[in-house]
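Common to both upcoming complexes is chain A, partnered first by chain B, then by chain C.
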Partner chain A sequence: MSPDADIAYWIVAASMIVLLAPLASGILSALIPVRYSWLVSLTASFMLLVAVAGAVVLVSNAGLHDTRHFSTAWFTLGGNEIAAGILVDKYAAVMVLVVTIVSFLVHLYSAGYMAGDASIRRYFVMLGFFTFTMLGIVLSDNLLILFMCWELVGFSSYMLIGHWMELPEAAQASRKAYMMNRIGDLGFIAGLMIVYRKAGTFDISILASHSLQGWETTAALCFFLAIAAKSAQFPLLTWLPDAMAGPTPVSALIHAATMVAAGVFLLGRIHFMFPPEALQVVTAAGLLTALTGAAAALGHFDIKKILAYSTVSQLGLMVTALGMGAKDAAMLHLLTHAFFKAGLFLAAGAIIHTLHQVQVSTGKTYDVQDIRNLGGLRKAMPVTFVVFVLCGAALSGIPMFSGFQSKEAILSHMLSGQGEWSLIAAFLFLLTAFLTIVYTFRLIWFVFIANEGRQWGNIPEVPFVMRFPMIVLGLASLWWIVSLNPFSFSGWFMTGRATGSATMISIAVVITALATSFLFVRKKPTPTGAPGILTNTFYLDNVFGALVTRPVGHLSSLCVRIDRRYIDGILHGAAYAQVTLAHIVGWIDKTIVDGIVNFVARLASWLGAFVRTFQSGNIQMYIFWAGMGLLLLTLYIVT
Partner chain B sequence: MIPIENYLVLSATLFSIGLMIVVIKRNAIAVLLGLELMLNAANINLVAFNLAHPERLDGQMFAVFVIIVAACEAAVGLAIILQAYRVFHTAVPDSISTLKES
Partner chain C sequence: MKIEAGLPEKLEWIQHSLGFFGPELILFAGIVVVLCVGIIIPSLRAGSGSSTPLVIGLIASLFACAVSLAGWNQETEGLHLFGGMIVNDRFSSWLKIICDVAGALTFLLSLKDQRKHVSEYVALVLSVLLGAHMLSMSVGMIMIFLSLEMISITSYVLAGYSFKQEGAEGSLKYFLFGTASAAVMLYGLSLLYGITGSSIISSQEFVEGLLAHQSLLLLVAGLLALAGFLFKMAALPMHLWAPDVYQAAPMPVVALFSVVPKLAGLAVLTRFVLAATAYGQSLIDWKAIVGLIAIVTITAGNVAALRQSNAKRMMAYSSIAQSGFLLIGVAALTEQSIQFMMFYAAVYFVANYLVFGYLQYFESKGVLTIPDFAGTGRTDPVAHGFLLAGLISLTGIPPTAGFTAKLLIFTGLYDAYRITDDSFLLWIFVPGLLNTVIALFYYLRIPYFAFLRDGDGVPAKYLTWTNFLGLVLVLTLLGLFFRPDGLMGWINKITFVL
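Take a look at the complex of A and B:
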């Protein structure tokens, strides 16, 4: 074999392993008998480790500089052949690595977090399936398979968010997530139809060289609708905070690697299809999302909700960056965000997990996710604290942490752009970054540092199987994940130089924000909220309620009324008519048909009775009748 | 000469009376009497029609035959009635109903 064919062989094989190992993990989890449920977490984690190994092989063979495309005929429709295959470029390779690693860590963490859960098998089945579908999105080379995986990701997230389906809010949240994604899927299908009609192929690498003949903007906006729904962009962002009703490791997976990253990844994958006008829409939506999310995170009290809104905000930043053409920077932020956000969620999960156990043992009940009930956990849970601070610092974009570098990359791109549009974007970006620092500081302060006097008693740290993924993710939030130079984003992933002003402005913003937030929270025993318009993201849910839910409700009640009145009326009328007809027919049958039959029978019996009277057995009567008969005969003959 | 219609009326009257007796009377002997009356009505007819052909005696011969047959019939009939009376202690035919159901 030639070296090239050798590499191709390895890439395809590794891709198959990466794809199939999570699927196998899911299937295996389903096959293991209920009695050995505890085994599930071991096998699932092991299979994901295999997937990580596959991803490493894949990346080491594919490299980061070439785009490799393997495809094979899938099916033929009329004269059109639809191909299926894998497309590995730099972004896909990195994404595969991130997804498998985060998913593996989440699997490991879940082994501790979900231990003893009644339906742990279903949990791991869906977790494996979720990972598999996300990897399908990442590796697929055509939009059709990507769309299938896209749908399956939506379905898996529905199952996982609603894992504790006995809780009404979990069931509600899963439905909401699913419905919002359906809205986006509508856009995806419309986009697919446009693409196939105009370009005649679904293959992404072929599409790059095809023109859509005037339909570029429409197609791009259709796809952006799908991306907005999946990545929780304005205005379809409200499902993501609600999705916190699911188990915390699932939140970590959704927010870091699988669900919301899919939208950003797709936006990067088909970035070439977006004309400038569409990109302006993308940028505007991204900026609006980033600000809305950050403002909402500032006012909430639920630790998971704050993190969820922070994800919304960070996704907005990525989408903004993509909208402004900074594909590398956006993907870099996606990468760093995956690690530090997963770390934050796992740490939050550790707090929730531990305090739940404390609640069970002490018999107290309070909302463990509400930061007003927390505080002073620094001493009690030192490992969690350190991980949370590391990841939180990365989220805030503090120098020496990965978030700083990726945000710097985005900011540099914005500042190097021309026109006031990029300056406005850069300003809003910095505002978001400022708010990010404030809400992160507020979160860490009120969860770990404030109220030190609060007596937590002897709280145990979470078990090692949960601590290990947290520590790994905490370390992955440091600068070396991007580049060895903590002030430069130019490393293995992307090259470029930060504009000097970007670094300076970033550091200035960080310092101001830290000082502001410290002064803001210093004397306060409990956190304060924000106005409802911010925490409710401009009452988007109510807007949806008024614009969509209520009209749909009205429509359905109208349909019900029409159904009741007219359709049921017709049906009932038909039924009544039939019954009436049946009655008439019955009457005719009884009276006329039976009447004739009975009449004939009665006539026969009457005739018989009459005739019988002649045969009385009296001989003299016979003679009399014979005589009469003779007389009649004689009369007949004579006359 | 007496017209033949008178004979025929007499014969018919006698026949009717005989028939009436046969139909009405309950006693078998009376019925036999009625029968004799009817036979004799026929005899009157036979003899009366013989008037049309005085040179031949066919009608009268027939009448004699009828009388003979009637005598035989009366003898047999009376014998039967007598035997029936012995067995059933009645001469009323309606009461003799052993062949009838119930």
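Take a look at the complex of A and C:
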């Protein structure tokens, strides 16, 4: 085998393993009998470890510099052949690694977190299925299969948000997430139709060299609608905080590290389809989202909600970077964010898990996710504290952590750009970074440091199976994940030099923000809330209510009224006419038809009586009548 | 023909003819054997019951049927036997097969109510079958009279086989009425012989003689002869005996009467009408006469059946009406309509035996009149389900073969109307269809009482011979509805010539 063919073989085989191992995990989880449901967490974690191994083989063979494309005919539609295949480039390779590793860690973590859950099998089935479909999005070489997987991740997200479906807020949240994603899917389908009509193919690598003949902006905006819904961009962002009603590991995997990043990934993959006008829309939406998310994170008290808004904000940053053309920087931030945000969620999950157990043993009830009820956990849960701080520092973009490097990459690109537009973007970016530090500091302060005196008693740390993924993710939040030089983002993933001003400004912002936050929270026993506009996310839900839900409601009630008054009226009129007609027909039937029938019946019975009068039982009369009959017959025929 | 030949030729002719007389010889042998058995077995001689003669009769009739079937493929056209007095063709073979199976079923039904003088009973039934065989083949006037009387006289005895006063009365009435009609028929036949100079109705002389004397006398003579055949078929105006006799006779005998003499009479009537029309050259429209008789018979039978409360009496009028439907095939008188009539005969036979079988079953449980049936449908749904199948087949409703048969017979009539453009056929058509509706009312009275009226039920067992026999007959009726082509394929081989 030639080296090239050899590599191709390994790439395809590894891709299949990567794709099928999570699917097998899901199927296996469904097949294991209920009695042995504890086995599920073992098998599922093991299958995901296999997937991680496959991903490593895939990346080591594909390398980061080549784009590899394997395709085979799938089916023929009329004269057009639709192909299916895999497309591995740098971003896909990194994404495969991120998805498999985080998914593996979350599977492992879930083994502890979900232990004893009644429907643990369904949980692992959906988790495996989600990982499979997510990898499908990453590896697929054409938009059609990508769309199918896109729909399926939405479905598994729906299932996992609503895992505890007996809770009304979980059911409500899963429905909301699904409905908002449906709005985005509308855009995706429209985009697919435009692409197929104009370019005649779904293949991404072929599309790159095709013109859409004037439909570029429309198609790009259609796809961006889908991306915005999936990645919770303004204005379709309110579903993500609500989605925190699902289990925390799910929030870490789907609603922080992978699925919500799928929109960013798709934006990177079809970046070539976006003309400059569309990219301006993208940038604007991204900046708005980043600011909205960061501001909203300041106002909330629920740990998971704060982290969710933080995710929204960070995704906004990535979208902004892509909108400004910083593809590498955006993907780098996606990578670092996946690790540190997953770490934050898992650490938060550890707190929730532990305090739930404490609640159960002490019989007290309070909202364990509310930071006003927390504080002083530093001593009680040292490992969780360290992981939280490491990941939080990365999120804040403090030097020596991965977040600093990826943000620096984005900022450098912005500052090197031309025109006021870039400067405005850079300013807003820095504002977001500032807010990020403030809310992260506030979060860590009130959860771990404030209220030292609060007596938690003897709180156990979470078991090792949960601690291990947290520690791994905490370590992955350090600088070395990007580059050996903690102040440079130029490493294995991307090359480039930070403009000096970017580094300086970043560090200045960090110091200012830390100082501000410290002064702000010092001596405060409990966190203060923010204005309603922040806690309500700028009343986006109300706006949606006013702009979408209520008009739709009005429209539907209008339809109902039209239906009642006119359509039903016509129907009732027709029905009345029919009933009237039926009465007339009934009358005719009764008097005329029945009359005839009764007459015939009476005639028949009269005839019968007449015929039977011959049947007197008297044989002489029989013979007489027979003779008469013959005579009559003869006479009748003769005459 | 060869009547004028010398004695050796005659003997040779008879010897030759006997070779084609297998079924009849078997029946004859059966009669002899069963009489001998009756003498030999002491219990039979004492007049008490034994089923041995019934089994012998069953075997004889089935054997005769098998021989008829075996000869089916050899009889490509009519064989004139015994000096032309008898013609053996597929038309007669088909009727003989039906009669033999009917005889076998009669014996099966008789197994259930053993009566006195069983061997004589079997001999008499076999004689009826033998007479029916001969009558369906007869074309000579002497043969017609003899075989018809053979059926009649044995029937008179059988009618009284309940050994009750009403049985004796029915039997006597049957005898008197039958004698009168036989006299009438004989008078008509003798006049015809006088007119044509030939006693063989299929002969050329007979037809030529008819054509030479198209007169009122011929019409009267023909009607008088027809009266005898109509008597056998229980058609108007010679039907008056039927209700009394049916009511008095035992059920297997009634079933036999409703099929075997009727079909034999139908055979000879068909031959006679075909000869009388002289292949369409006759000035007298015999088809119209038969059509008139048919429609009057159907109507009278149906309307009289409407108010009957005794099940057997109702079935008597039903069988009168069914005679009328059979006569429609003769009225159309095309080859196809004759074939459809044969199909109708087969279906009528199956449905009739099904109904009589169950009437016997209910009679044995004391259910005699139609109101007695009230409530029995709930306690014995299987029997009533099968009975219902037989009744709706007689009415002519899908999914039973009765529907197919009625459809075919009216199709034959309509086709004949289109070919001949004889408007009289259309006049039969409409009341014939209307009568089918009237028939619905009395046929469904038994199921109506059984299922919809409250009453005391009868104790029921499901795994009985009656139900097994009923199942076979019901399946036949359903099978002939869904796949009539098999039977029609057979019947299509019947080419009807004199």
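Just so it is clear, the second predicted complex is superposed on the first by the 555 of 639 C-alpha atoms of A that agree within 3 Å, B and C clash if a C-alpha of one lies under 4 Å from a C-alpha of the other, contacts with A are read in each partner's own complex, and residues count from 1 in each chain.
Keep in mind that, in the parts below, a contact is a pair of C-beta atoms (placed from the backbone, for glycine too) under 8 Å apart; a residue touches a chain by one contact, two chains touch by 3 or more.
Given the structure is predicted, the values throughout are model-derived calculations rather than measurements.
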Touched partner set for A:604, first chain B, second chain C, both or neither: second
Contacts of A:634 with chain B and chain C, given as first, second, both or neither: second
Which superposed partner A:619 touches (first chain B, second chain C, both, neither): both
Which superposed partner A:276 touches (first chain B, second chain C, both, neither): neither
Chain B versus chain C as contact partner of A:595, first or second or both or neither: neither
Winner by number of chain A residues touched, once chain B and chain C are compared: C
Chain B/chain C common contact set on chain A: 617, 619, 623
Interface residues, chain A side, partner chain C - complex: 604-605, 607-609, 611-612, 614-615, 617, 619, 622-623, 625-626, 628-630, 632-634, 636-638
Contacting residues of chain B [partner chain A, same complex]: 19, 22-24, 31, 93-94, 97, 100
Footprint of chain A on chain C - complex, ascending: 172-173, 176-177, 180-181, 184, 216, 219-220, 223-224, 227, 236-238, 240-241, 243-244, 289, 292-293, 299-300, 302-307, 438
Complex contact set, residues of chain A against chain B: 617-621, 623-624, 627
